[in-house]
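These are the structures in question, set out in turn.
Next, two complexes with chain A in common: one pairs it with chain B, the other with chain C.
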Partner chain A sequence: MKDVETRPKKYEGVLILAIFLATLPLIIGFSLLIISSFSKDMVTNFDFKSFHLTIENWINVFRGKLAITGGVKVNMAKIVLNTLIVALGVSGLVTLVSVMSGYALSRMDFRGRKWVIVSLMLLHAFPGVALIVGVYLLYRISFPQGQDWVRVYSFIYVIFARAALEVPMSVWLMKGFFDTIPWEFEWSGIIDGASRITVWRKIMLPLIKPGILAVALFSFLAGWQDIIYVRTFLIDQTLATFIEANIEAEYTHMPLIAAAGTLYLLPTIIFFLTAQQILLRGYSGGIKG
Partner chain B sequence: MKWKATLLMAILVFAVIASGCIGSTQETKTETSKVTLTGDFTKDVIEIGKILQQNGINEVKFAAWGSGDPNSVMRVYGIVDAAYKINKIWEQNGIKVKITVTTKYDQSFKDQYQEFLSKQPLGQAGDFFVNSYAFLPTLAEEGYILDITEYAKAYQNVIDDFYPNLLEAAKYKGKLYGLPQDTEARPLYVRKDVAKCAGLDVTTLPEDVKSGEFTWSDVYYWAKKAKEKGCAEWGLIHRKGSAHPDLIQFIFAFNGKLYDPSTGKLVLDVPAVYKWLYVEWKFAQDGLLPKDIMSWDWAKQIHPTIVEGRTLFDIGGTWYWTEWQTKQYYHGRGLKPEEVKEWFAYTLFPAGEKGDKPVTLSQPFIWMINSKAGQLNPKYEELKDVYHALAFLMIVKASDSEINAIHSVISAHLPVRKEAAKLIKDENWLNKLKNLDLDLAPEVKDNIKDIVEKTVNPINAKFLADVSYMLEYTHLAPAHPKYPALADIFKEAVDKVLRGEMTPEEAVKFIEDKIKADKELADNVEIKGEIPKEWEFPRGD
Partner chain C sequence: MKNEKLRDLSFFLFPMVFMVVLFYLIPLVLTVYISFTGMRNWNVDKYLHQVVGLYNYERLIHMFKYDPTFKAVILTTIVFVLITLIINVFGGLGLALGTFFMSEKPASAFRLLWLLPRMSPIAVYSLVWYYFFHGSSIGTLNSVLMKLGVINQPIPWGQIVPWGAWSVIIFVNGLVGVSFGMIVFTSALNQIPKELVIAARVDGASAWEISRRILLPLMKWHFLYVLTWQFLSLLTTYPHLFLLVEWDLVDRDYGTTLALYVFNTAFGRGEQDQGLAAAAAVILSILGIIGGFVTLKVLQFEKMIKKPRGDL
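On to the complex of A and B.
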């Protein structure tokens, strides 16, 4: 028996077509970007006469060379590494906080619990831009004066600031995942003599793997694509700020930026391709007898 | 409940003590070291090196931020080279201090300015910042850049070698906040073969334009003739964008003003703006200028149309000269210097009409020093003056006529110093540059060798020498904080008249309404004059 609602086959084609048409602008946009990254000229419309196959753009991106001729060189490996540090940092922090808080909110009764649950959504409603003044002020009064730590601190601060924006929604999501797991699972563990922490770690976490992965993935992407906080606080460049600082239509060799843009897209594509099965896999377990 | 009150009081007392501690600095009685510049570069550098060494500093870290087109990298490598030369002096004199410079070069100068604005208060912006003069007043007003007036007094001989109008662009309220790094002119390019086909003699054109004999009425006349005779697809191609700073040349060419220094306000000079819009409208409606040029693509439409000879005239910039050589705009390849020379003539931007003067427009870039320069170095508070004086000496060195001349030749910008202007005419020096047989930092040599190979040749040097006179006719767009907003309105109006959506009269009214609708803009812009009723364009023959 299927676990989803089924519809008559005759409408299937229409639905697929509608979904395809709705996503067509995105598909075209990304396709043109990827095609342009392999072309000498940008392919900005359906006139493929401007497409001349080359891998020069990719070679130049990896060499950190921004122009066909010129001495503008950047350390692309370092830029990618910076982006990864921010993205993985945000992902790790958000996942850790939300997995623990989600469990607490789902399972434990404490004073102000209801208020915390309600305010989670409210917190998520605040866009990063609106908070930037406060976050900026906090950074100004908190950053270390010692030269050795400023660079490291800027990474830590960006990770914390960006993670703070993701935590409310992630906690809410994790709480939802924990809510779906019957109490009996925990009871049986506790009866067997396990502590709450052990139950959380050994029984609950394996059961909500898809949820953890979803939270980790989305927070990774939030960190990967962040531009406002990274540009404001981070001393070093990430891929987002690098691309932003080098889009100057008159000067820039745009196919090279298309290659950098495609590189920027890669983690998203790879994550979705590899993780979609796990994400779609719902809870499937049994109650210990 | 007593314990709760006690706890609350304890927390309160702790908070008060803690808040008192935050931000407090321990008073130390370290002797501060100051340096007085003498004007003798080597002597000053040695003096600074000794002070740093005495204070146990063996490495000074600086960051140079620059931006612009890919060929303009000397904007940061000039600083790298200055560090190399200062290090050499220290080494020769047994001073064990070294300057290391990290560079950051972005292509969008506006984005980098925004980044500087947000990071300067955090002490994370570059110690050196080269950007448009237009941003200098804001940065100076905020205290984000160093006032170098006092330092400069010791180096008056260097200061005097800069072109005075460019030096003015580096000043704010009478104080010097930087040194000019480069500038440019915006010539009117004329395609020689198309001109010949139409019957226009380009040999006397620069002189005719200079004397005010050849005006925009003549540009229209010949553009029309070239099109009618089938010599070219278009009569005129111009730049696009925010109408800043390229198209506002029309305002100056029609003897208009954009800024009133007596009131400190921007000016909407209605007669001049009307004439500008009329010219745009007339050219576009007669099919001499593309109606949709404001949305043309630089690499696919604008430049190929010019280099393939599909237009008689083009309003461009001096940097086009080498850009056409280094980018593949001509049927998938760059032009050879000989081709650029053979195909293009260049003149000043002609006068609007008889009695007016020809013009050009410059946007000088300025080497500015972060007011927190050296902040990430040891003992910054004690040695602040020393770090700042060192930073000043670095921009003095980076402004060496040789560095300035190299930048001019490889990026087709105009020299900002008279000595540099002389140097680019020197064939021997040019040969040395071609072979990179100059005393430059190895890192700099390594990074500019590709550009040097493509751009250093007598043809390009002669072009720069030829157009340098244009600086005598140059205007600067106002460095007013509300100017970008006004330029954006101009852009909208130009686009609308080109597309035929508005007549020039309607467009002027549109600009006035837009200004009045924005209270801040209305407070900062004076609207002067009226649309001239009897004015005619073009000439009747």
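On to the complex of A and C.
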């Protein structure tokens, strides 16, 4: 709202204060975690006497040295890489699938179109995560025989299964982006004798770049943050399962887990700072046609 | 011409149909099938063909009657879904209205901040609340209250049953869901003609009167949408609860909803009982599917779907 002249100014301060107070636990929680990652001891209890600035935790995270004493070591680069593979895989797959079916649902008329769109809404309302028992049985049945392939297969399967959860929402979002493009662009292409596939690839895709970016970003975050599917299907460890496994382990140095958590939070922070408009718009996408 | 269209359609729709069939339809059939077998510990070779009929469903009913642990799970599901739903809907509405009456800068800053729970990795988000509600003196909440002199001893919040555990899981999930309502209501508010608000302001209406008489009546559809949608999500999602329970921050029985129960029974520590888990999953799925259909009918989504302007 930009109607500055008629806006009563006197309550704005109260309003900001009220919402700020409601936001306070969120701000405190995240800040303390990030501060602790730079401290010798956790400072979650506001005891700043125990805060001693150090980047040791971060160095140890990258070295994979879990405890201050003893030789518990993990290959952190590998864990980050695994997380990245899953996130990029999910993002790529979801973007491809939704950019294709989004176009068809927005631009092509066929029998059962309405039915497909409605079922997509239903699938989105009914998250596949409830079906994980069946998804896992399928995984077990389709397991490859050779030992070498098992780990590769677990990556492929986790990417496909996790991507499937994002597909209904993303197709819906992408359909919304295609809907906003004037028909004349497409007609001119078809009159010139191009096929639908050519029109889609050469004319439509460049026009919906912002939509592609939004879907890719959201599905990246979805794959990046997943814990349930990664934990159930993936043989290798990701940042999520690393944190999950180490929080109660006796030998773990907690500020190091805080550093690992902050590292895990980095893409979120980067998107926060760079892609605010996409984030605010994207989450509202798919809500109204 | 007809063939060409069919070819194009199958090209564009194949990937989606493939994903949906492979990861929604087949698993649904498999889950229903497992619920009729005695599958345990993922011993597929031994149990896959051992059909036990309705035994798992009978066990669920029996547990519902006599097992205090399972009763706690059902009770937790009901309380969790209802209260979190109220927080999600009204919290989202409050945030949307609050930021609506604010200058643009603080408004978008707040909106972005409230996306944080949704965007941050579940493990990190849970880690934050693990420390916040920790039952010892390292817990943030305990230390604040002790410094203020409200309490003398640290309180193990999540272990106080039932309301301590319920409060923690409702709080943690409530924050995630609020952003959904906030975004939907904000976009609804932006679609309302600004002249209506300006005219009311000129006539001297307060923010409260504007909200109650102009904005809220225009947001009825969105209100129903958020309500039903969040209801379905809360019924079936569990990743945030999973870690809180696993890390013993909250009580195992009163921190577990039916959806989490399905997951832990099938994949958790100790003896796993996939037959029973699948039966519970089937019941959840039926609830979800009914809820989804009711949502679609009530909100009349079909009317929103416009026909494409057509091919040449």
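In the analysis below, the second predicted complex is superposed on the first by the 239 of 289 C-alpha atoms of A that agree within 3 Å, B and C clash if a C-alpha of one lies under 4 Å from a C-alpha of the other, contacts with A are read in each partner's own complex, and residues count from 1 in each chain.
To be clear about the criterion, a residue touches a chain if its C-beta (ideal position, glycine included) is under 8 Å from a C-beta of that chain, and two chains touch if they have at least 3 such contacts.
If you're wondering where the values come from, they're calculated on a predicted model, not measured in any experiment.
Legend: residue contacts after superposition of the two complexes on their common chain; A:232 is shown touching both chain B and chain C.
In the superposition on chain A, contact of A:52 is made with chain B only, not with chain C.
In the superposition on chain A, A:44 makes contact with both chain B and chain C.
When the shared chain is aligned, no partner comes close enough to touch A:84: not chain B, not chain C. Of the two partner chains placed by superposition, only chain C is touched by A:19; chain B is not.
Once the two complexes are overlaid on the shared chain, A:109 sits against chain C while remaining clear of chain B. In the superposition on chain A, A:213 contacts neither chain B nor chain C. When the two structures are aligned on the shared chain, A:224 is found in touch with chain C, with no touch to chain B. Within the superposed three-chain model, A:251 lies in touch with chain B and out of touch with chain C [touch as defined at top]. When the two complexes are superposed, the chain touching more residues of chain A, out of chain B and chain C, is C. In the superposition on chain A, the residues of chain A contacted by chain B and by chain C overlap at 42, 44, 136, 140-141, 232, 244, 247-248. Residues of chain B touching chain A in their complex: 22-23, 61, 67-71, 73, 77, 104-109, 111-112, 114-115, 118-119, 121-124, 241, 297-300, 326-328, 332, 376-378, 446-451, 454. Those residues of chain A whose C-beta lies close enough to touch chain C in the complex are 1-3, 6-8, 11-12, 15-16, 18-20, 23, 25-30, 32-33, 42, 44-47, 96-98, 100-101, 103-104, 106-110, 114, 116-118, 121-123, 125-138, 140-141, 160-161, 163-165, 167-168, 171, 179, 183, 187, 190-191, 195-197, 200, 221, 224-228, 232, 239-240, 243-244, 247-248, 257-258, 261-262, 264-265, 268, 271-272, 276, 279-280, 283-284, 287-289.
Taken in their complex, chain A has these residues touching chain B: 40-42, 44, 50, 52, 66-74, 136, 139-141, 143, 147, 150, 154, 231-233, 235, 237, 244-254.
For chain C in complex with chain A, the touching residues are 4-5, 8-9, 11-13, 15-16, 19-20, 22-24, 26-31, 34, 42, 44, 95, 98-104, 106, 108, 110-124, 127-132, 134, 137-140, 142-144, 147, 175, 179-180, 183-184, 186-187, 194, 197-198, 201-202, 206-207, 225, 229, 232-233, 236-239, 242-243, 246-248, 259, 262-263, 266-267, 274, 277-278, 281, 284-285, 288-289, 291-293, 295-296, 301-302, 304-312.
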